[in-house]
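Across the two complexes that follow, chain A remains constant while its partner is chain B and subsequently chain C.
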Partner chain A sequence: MPSDLELIFQGSNLGRLLGGLWVSVWIALVSMGASVVLGLPFGVVMTSKNRLVKLLCRCYLEFVRIMPQLVLLFLVFFDLTKVAGLNLSGEFAAVVVFTIWGTAEMGDLVRGSITSIPRHQFETARALGMSPAQVQRHVILPLAVRQLLPQTVNLTTRMIKTTSLVVLIGVVEVLKVAQQIIDANRFQYPSAALWIYGVVFFLYFIVCFPISWLSRRLEARWQIS
Partner chain B sequence: MDWSVISSSIPVYGEAALLTLRIGVIGIIASALVGLLCAAVQSFRIPVLRQIVAVYIELSRNTPLLVQLFFLYFGLPKVGVVWPSEVCAIVGLTFLGGSYMAEAFRSGLDSVHPIQLQSALALGMSTPTAFRHVLAPQAFAIAAPALTANVIFLIKETSVVSVVALPDLVYVAKEQIGTDYDTSEALLLLVAFYLLLLLPISLGANWLERKVRSNAFGS
Partner chain C sequence: MNALLSLTDVRKQYPNNGVTALDGVCLDVKASEVVAIIGPSGCGKSTLLRCINGLEEIQGGTIRLGDDIVSDCGTNWRRVRQRVGMVFQNYELFPHLDVMGNLLLGPKVVQRADRAEATKRAQQLLDRVGLGDRAHSLPRQLSGGQKQRVAIVRTLMMRPEVLLLDEITASLDPEMVREVLDVVAELAADGMTMLLVTHEMAFARAIADRVVFMDAGRIVEVGEPEQFFTSPASERAQRFLNTFVFEAPHKPDADEE
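The block that comes next holds the complex of A and B.
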């Protein structure tokens, strides 16, 4: 039975699996990039004192957080296409949804890192004779980045794990490829499902583990004591 | 938007929501037990078990639930382990949730300074009394936000159980879109039912967090 593992190394099976994994990782990286770009200004907006702005940001954040990501995917993939008469590809819908989700999460991280900086940091720097711009550049920004970077790296692993959902809106990624390999070899390798899905499990682990490890290292190193 | 379609579909969605809730609640309780056990193993530094727990936590946290479910439902039967769909979903959710709960409990326990225990013992409390009245309330207050976040996270994660052939909310909505083409109605119901499930939990979590905090710090 363990011989069924050899199916992975037949033909281009391993290459196809890796190609499938790359599809969801690619969606995750593009969405993550867009989320950082949009999330940074959104986080700054969230610290606004204006009540209406605060309320709007809060509603957006809470809705996106409460809804399962799969439901958000369905909303864009099925409804937007029908209502607006668009014909979106699964990949494009996925990037849109994960950017909407990622921007909310990223914005909240940015807001958290800004508000967590004690006021006295700002006041001390001013008292030492720095201009407000210098304070931002040399005091506030480094402090905020040290808190933000590990969390952003961590969000990336969450993004990669979440993009596995795209198989459910018909994107051909690693799980779909795995299914195809298993189905095509059903008679020669009856227990292939165990090994192929096992390999997919470890592929995800191999991608996500180093990133979460990096996130923890950065956090431990930069902890403000 | 056809309101008669919506009103006639409500019972189907209600049933599906109950399934989602049942899997979620059982999965969360099981996750909390697994998490408590893992946190205890790590806090008391039990050899061998501690390494096993560490490996489990890394495996569970760095893989998606969807892939875990595929392995449980389609992979394991090949070695003779056949579980019904619902058992698969609950085992999968527990495998995922256990590690998240463990991290939450551990961060709570780690944050209570050893001096607290030493002081309580010096005041003449027994270890169980000290744990119950001194350590546990403080640890819980620290862990509360992470625990409630995990509860919401795990209920959201149940949205993928339709891949193991369970008629949950997503399954019902997809069915309605596929067979009747009532896309907008199905999605409205889907969103409404998830809001109905999760909004009270989210608000309750905020309330609990404030309450536990004020109990712990007396402010």
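The block that comes next holds the complex of A and C.
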């Protein structure tokens, strides 16, 4: 029944949904920012030739990748709280977990884009008389960034979508707000679930689509080979 | 006249596997001279060019450029490399810059050249190699032959005294080899000093003032092209040149006539 759609515009429902969306986006963006800051140096470290360093980086990356993000969330939110006696808010725990995950993924992207630059590019620039710093600044860095940016944007959308998990550690984000609205109006608007979740879907789309569109644009424009 | 580029007893050993790539190479190149280095794969000819440009460190001997010894440990390679330009087999244009960007990067960053002047010169050189209308193309939009011509111009932008060409036609499709070699021939006619490693025997014969034959890290034979290609003095050079001669398989009925 289409009239159930009107539930969204009743009271402060739409505002609450948008507020919930903001929580999701906020957690994702803060985590992503921290992941970029930590992931850049981590990626450079990952290109190290030292086998022990390589092994440790690899362990960290694989551990974070294999472990479902939800388990990580529970580990930090419930177990860390108990073991270390910390009282973390759900939001903070979420940011910590997504930063741990994002740093690993970001590092791997940075490593990939550095190692994919052919050695000859370096030599050619040197042969023109550039200093190592000039080569980094004018050749290696622009190439690495071109490769990195679309992938970073892509990781951001993945992160936004994954934030829906934080509902399970009690953070009231867009999905939780949707559930609350649906539950509170179950008898009056029996088919509200469809409409409300539809709106949530639409909200995620509105946030993620421009980002992934931008990433595709950049990729096409900066394609180098 | 003194040699512009002079190598004395140059030795190079790769530290990781202990392979001796250059085993006492002596060679003088005079100004405006074109010297072609030929020899079997792995004979050290590319390594020799890389050593002259400081991309590889030498373990012994001296390399002189004009009156300066450039093989000391205190060598300012950045300065030397501006005097000795190098073009590589795989062009290696910077993929994120257009043709003009590729040409201006060296003058801009290394020589702090005046931008307008450098742009003008770049356009003149592009016109000369037949790419005047390609200044704003990206490397990926060019053919291999066009890329290699841009790479040559990029090196010329630094106004080098000597040009090192390292198998610059080896990665090209056969129909593109000519357009690149024409550019090199024109440079030779202009009096550019060049040291080139090549597998194009006909080209070496046509353009070189001298041919250097290397094998196993040593110079085996040096000669005038005509003399070298028709009657090489050493048996190794003879054998090497024979590998380029293709003889039709023996046909019995042709024998009977």
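Some points to look at:
Criterion: the second predicted complex is superposed on the first by the 225 of 225 C-alpha atoms of A that agree within 3 Å, B and C clash if a C-alpha of one lies under 4 Å from a C-alpha of the other, contacts with A are read in each partner's own complex, and residues count from 1 in each chain.
We adopt the following convention: a residue touches a chain if its C-beta (ideal position, glycine included) is under 8 Å from a C-beta of that chain, and two chains touch if they have at least 3 such contacts.
As the structure is a prediction and not an experimental result, all values here were calculated from the model.
Partners chain B and chain C fit side by side in the overlay (superposition on chain A). In the superposition on chain A, A:V83 makes contact with chain B only, not with chain C.
Taking the Cα centre of chain A as vertex, the centres of chain B and chain C in the superposed model span 90°, given to the nearest 10. After overlaying the two complexes on the shared chain, residue contacts for A:V71 are found with chain B alone; chain C is out of touch.
Of the two partner chains, chain B is the only one that A:Y197 touches; chain C does not reach it. In the superposition on chain A, contact of A:L214 is made with neither chain B nor chain C. Greater residue coverage of chain A by touch, when chain B is weighed against chain C, goes to B. After superposing the two complexes on their shared chain, the closest approach between C-alpha atoms of chain B and chain C is 17 Å.
Residue overlap on chain A between the chain B contacts of one complex and the chain C contacts of the other is empty. Residues 58-59, 61-64, 66-68, 70-71, 74-79, 152, 156-157, 159-160, 163, 170, 173-174, 177, 183-184, 187, 190-191, 194-195, 198-199, 202 of chain B touch chain A in their complex.
Those residues of chain A that touch chain C in the complex are listed here as 118, 120-121, 123-131, 134, 138-139, 142-143, 146, 222-225.
The part of chain C that touches chain A in the complex is made up of residues 53, 55, 77-79, 81-82, 85-86, 88, 90, 92, 94-96, 105-106, 109-111, 140, 154-155, 158.
Those residues of chain A that touch chain B in the complex are listed here as 1, 62, 65-71, 74-75, 78-79, 82-83, 157, 161-162, 164-165, 167-168, 175, 178, 182, 190-198, 200-201, 204-205, 208-209, 212.
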